[in-house]
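Next up: the structures, one after another.
Presented sequentially are two complexes of chain A, the first with chain B as partner and the second with chain C.
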Partner chain A sequence: MSEPIKARNLSAQLHYRAAGNPPTTLASSAISNCFPGLEFDLRNLWRRLFQGILLHEADNLVVAAEDPGFRKLVGHRLIFVEECPMFIELRGPTKPGGADVLLTGSGNGVAALEWSNAMASVLERFKGTKDKVRCRFTKNPAWNPIGPMESSSAQLMTVRMHLNNLFYTGPDGEQAVINDTVVLPGELTQSLCSPWQNDYRECACYYWAASRPDFVNVEQTGPGKGTGNNWLAKDVEHKEYVVDSAVNQSKLWTYDELFRDWQRRLSFIVGGRDAEE
Partner chain B sequence: MTIRGIRILPPLAIGRLGAAATPMDNYEVVKDQRKPLGYRHLRPAETFDVDISSGRILSTFTPSWVQFKDGPKVRPIAPFLEVWAVVSRDRMEPLTLDVLERSGLTPADLRWRVHVANHKVFRRTGDWHDKVEAFAPEPEPDLRLEVLRGKPKSIPRNKGSDPTFPTFSDHKVHQLLGRSPNFWAGRSIRLGSVQYIDPTKEFPQIRLRFTPAGGYVYGSSWEKPPPGRPDDPNLHEIVYRGRRGGWLGYTEPSSVEGVAKLTAPSTIYAGESIDGNATSKGYLDDECDGIVYAVLNSPSGPFPPAYARIGAGPPAYAPDSFPVRTVADELEQALLGTSVGIDQVSAESAEEIIRRAFETIRLMNTELMNGNPAVGGLAANNMVVQDNRDTGRASEPIMDPSLVNNSSLAHLHEAILASLLSGTAPWFTGVLRRYDQIGDLSDRGRRKMPAFMRGADGRYMTLTRRQIDLIEKVASRNLNGS
Partner chain C sequence: MTLDSCAARLAPSATQLFRLSAPTSEHFHVYETDVGSHVLLPDGNRIFDLDGETARELTALQGAPANAVVEYLSELGIDPLQLIDDEPIADPPVKALSLAVAQKCNLGCAYCYAQGGAFGGPSMAMPVETALRAVDMLFAEAIPGDRVNLAFMGGEPLIARQVIHEATKRAVQLARQMDVVATFSITTNGTLVTPADAEFFEAHGFAVTVSLDGVGQVHDLLRPSKGGQGSFDRIMARIQPLLGLQHSMQVSVRTTVTPTNLALKATLDYFVEAGFHSVGFSPLLNSPTGDGEMGHKHLELMLEQMVECGEEFERRMAAGDRYPFNNMVNAMREIHRGTHRPYPCGAGAGYLGVSASGDLSACHRFVGDEEGALGSVTSGIDRERQKRWLSERHVHRQEPCKSCWARHMCGGGCHHEVIHRGRPACDYIRGWLHYCLSAYSRLIAVRPDYFGQRATQILE
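Let's look at the complex of A and B:
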């Protein structure tokens, strides 16, 4: 039988592993660099942070007003929350060795910051209070991302808004479970690939190699040199990494093969190698 | 001992898809004490033998080895959710037969309801008729419709005990059949099942098990599908009525407003190129996420309801490795803030982050991800190409190509770990990328850590601010000799 847990120890509750549960049932086994994610797209946690509006999960755009009083904000962009900017300028060289300049290849030289880190200090400061948060939106609708020049004070309007509780808050205080009024069933997975197998070929999922391996069965061939297999390679007898390129498609499991037979085709990797299954 | 309330633990439980009849056994992941960054070992652990027909745990056993597949089928990860009793202002204990009995209650006084959904199609089309929802037990049709329509004021979402939603306290398997207004009549997607485990003298704890679905792909058709397996070998069943909804043949919108609302990344569905547009084949899957509610009745009325989140995702294919930044890290930061209390700072916690970073790097072709031209890195799906495509940044390797093979990076991480733990790495926090440095695509900016990976904002990944704070505190504590 499990030992007692302090009701206020939310971290212990979050990490609690119920009897009989393998480690991969825990939140600590799920990736959170969600672009879009594997188990969840946790960016959806933040869409209803502000009462009355619905934000895009990955952009500083108001996509809907759940309170009709905020309809005027739909299509506007949230630029600052208190003193925190919700976007960042992109700077770097356009030629190897060149000077760092504003990179406007995507349009306006800015990128929206992920909600999780950008909102963290706002959440710390205002959580559990009745205080309104000072939000500055674009004065005009801005369906396209706006650049640094357009985010000057003269182009913004201030709206003070209440925060929703991201976590359920009961009679004894905040708990470690995501509030059911802030994220509805289906919303934590809604922006993932459909079907999920598509992601294993479509996206640059190598960023999640601890969950969806990339380079496996690696053998050292010399000092600082090694070779191994692409996890999706059909032939793993030869130690050769097959690059996912147009000419190599026949050497990798295809979309269709994954849709119909992913369980047979994909190997579990233990110790960096195909596991005994 | 008086029950003051109940909670469900864990508050977020992940199921993992698989079509094998027997769920995955339990196991432990154990660090190799001899090698600082060696592979973790998988060790079989005590597993419940659940009799599905009675809902009882018959016995426990420890398997002889950790087996992920049963023949050609993957064993699903089917988590248990435990009910805990809050027995004093700051103490929780597992809810058991004994605890119930002392309060004059029985297991039948604990009632459940479960609501899971798959909104992937709805997220694209924006049509609420495309929501796939499953309930246990099934509510009245009017209430189901109200949930689908998402009328916030009329849905008692925060009231698990709301009498309009039916509950169950039996120990049968309750199938979670995902239905949608745009499905063919009688067709559904099985999103898994739940079972209230019947507590016994030997296994007296109150728990529910969620078993996820098989990981099948479902399809759409223009005409009513005949009985039997579909012609398309990719499909388990055809469920979606192509002429009623917009998913079969769907293409992403091209209007300014439509483009702004797209998923990020966009066009991540099974499709084929027709006239240059990624056109949906109408495929759906059986992933889901949702909520398990528990209500405990008492003679003086029900306690406030408790709930927990569940989800069904793909298997973790490298189960001895863990991601560098996890859902738990996100939730901890949102719950507890960006600063780690000094009493929670431990070298072991910082070591775990470095270990997880290396576990990701180790399974990644780092030469390709660095953009090494010799291996085709300037034309691969990596951050080098994303930088160039998204921003116009010069296309060139991130680091010196000679420094990024896996064995070199293993040595680097071992050195970082050793110096961090020995107090000689105050410099290390300076090379960690901060969340507000993701726009720094200078040579130096791109070389910060974590390297090569994409974050939730589409640019280079950063740790959570709380993770960085932890590492800083470990490094400075060592620096101070404390």
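Let's look at the complex of A and C:
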């Protein structure tokens, strides 16, 4: 055994913090306790709700067929599951006091419903059964949103599909553990913001950098006092905190610099400090 | 480890287990198996595999001051968590009730805590209104999605079949109305079971426990009718419809182990073969007459028998087979989860007993016993008494539990037995847990899938 210890049972695994990992890597102190969306994007759970097809995490669109038999559905839109619509009409005034009209400015007057709300009643009804669920897709590919007028029965085709279990079922029955055949490794985080996207830098309190400390190379200077670097500082030799303000922009990496070369600008932080190359 | 090496390994004797499991440190328990060295930390019942050097260094800290142990563990990346503090749980909601629907019994087992079924008083039957009031109480604080359990005990509960039916009906109705999951259980001596009972239990998914203390004459000796006749053949004939109808229902055996029925492996195999869902053993530590109580020597014999059953469990599991030895199945599940608790069970907290007259007690064993009295179904839970109970029964207030590595697994032992007899079985419990920990470490290496883990995560 290469490591001196290895967490074996579940309580040991749950509370074990690997060497170099910050406290936020523990389930009990993770940022997801306050802001679940910042750690995992649970919309990805729903992409494989139906066996054989892959849905878009935020749109009622079939993006791939994992069962070749369903290839004909790729690019089609899932409009109804049983009697539940997977979209909602967008209506409202276009100016203060204006009339209530279909908002066709973007998306053809509809928005795809968030999966967990749209599918909840279907899941409740079919959970634990082997029954197929009646899905109605657009007859033709529809890469752009389909408006309510175009989702009439004549434009739809019915395909009956099996549901996947979202949760793992073990010897004790269903557990509060995500079924690892529904999301593959990496998928729960794949739609979170990434270093090459604006919000990595934009979030004022650096939440997006949660797994990378925003106050680094800290040295204690007295009880409760310390000095260190802003994680975006170009100069990390001097232990001086550069406030992210208009006058200091030249001392911090810019959007452009990060987008182009974030992996060279930012070191890994190990034990709270910039790691050696 | 392979199946062959499993079979080749010599099972430890009870004497060895007593020695290996001795309470040498309140902070950790290091144990060795043929797959390596391991440690159990009572703080969260966390289990780590150790390399040889770490195991030696940690073992050398036995008897060292707490801060030295904490410091050493911190260097390994194991933080102190204090997952169980000294605070008793406060105002726990009721999750399970057991109804002594009949405080009378047709059997005359000498060792019974209920003293012939009537708990040392006159025979009584629970009025239907009392049972319904208890069911209402069980659901009173439930919220949608909750799980509650309604258990029927006695005496022999099937003497009061009608009460069971009425109470079950009410619980099913309330569960449906309130979107609560209700589960049902019954502990019976099996002598009065009818085919209609089997259908009723199956329809409501009962967990049925039949008390059987051995096979044939061994059972007859311990569990005779009040007139002295044996009951084994009659019970086995009566429960056949139950055994044949286990879909949503589960029918298990509970064997109370006394010095006269120590052949556990043969008992286990007989009942598994007979078609029971599972078989579990429990030593008799306290009987009102002293009859059948297990002494240290008997517990030593029992431990060897338990280990023999456990070894068979390990062999069967390694081969991918089922072997429903309940003590082992439960131990593997709880050890893998790292379940840690300040009490041995839910008695007096989420679980209460209801006597035929509607009095609430800490559990089914405390019916009519002032020690565990906790109010009544009409006046509700006596929260002051419950608070005192939960405070006094907390394992951190028990001796010698405070300094035992097994304290958050065992929880201090059955309240009823401890209050009335003390703790004569600590060596046995620790020895058994030590064996179970070793079996867990061996099994998770060969059957990670049994614990819901992928082989690739385990077999580096």
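FYI, the second predicted complex is superposed on the first by the 156 of 277 C-alpha atoms of A that agree within 3 Å, B and C clash if a C-alpha of one lies under 4 Å from a C-alpha of the other, contacts with A are read in each partner's own complex, and residues count from 1 in each chain.
Throughout what follows, a residue touches a chain if its C-beta (ideal position, glycine included) is under 8 Å from a C-beta of that chain, and two chains touch if they have at least 3 such contacts.
In this text the structure is predicted, and so the values were computed from the model without any measurement.
Look at A:P68: by the touch rule set out above, it reaches neither chain B nor chain C. When the shared chain is aligned, chain B comes close enough to touch A:F40, but chain C does not. After overlaying the two complexes on the shared chain, residue contacts for A:S11 are found with chain B and with chain C alike.
For chain A, the partner with contacts to more residues, out of chain B and chain C, is B. On chain A, the surface patch touched by chain B in one complex and by chain C in the other comprises residues 1, 4-8, 10-11, 14-19, 168, 170-172, 175, 177. Contact residues on chain A toward chain C in their complex (touch as defined above): 1, 3-12, 14-19, 168, 170-172, 175, 177.
Those residues of chain C whose C-beta lies close enough to touch chain A in the complex are 36, 38, 41, 44-51, 53-54, 76-79, 81, 83, 333, 335-340, 440-441, 444, 450, 452, 460.
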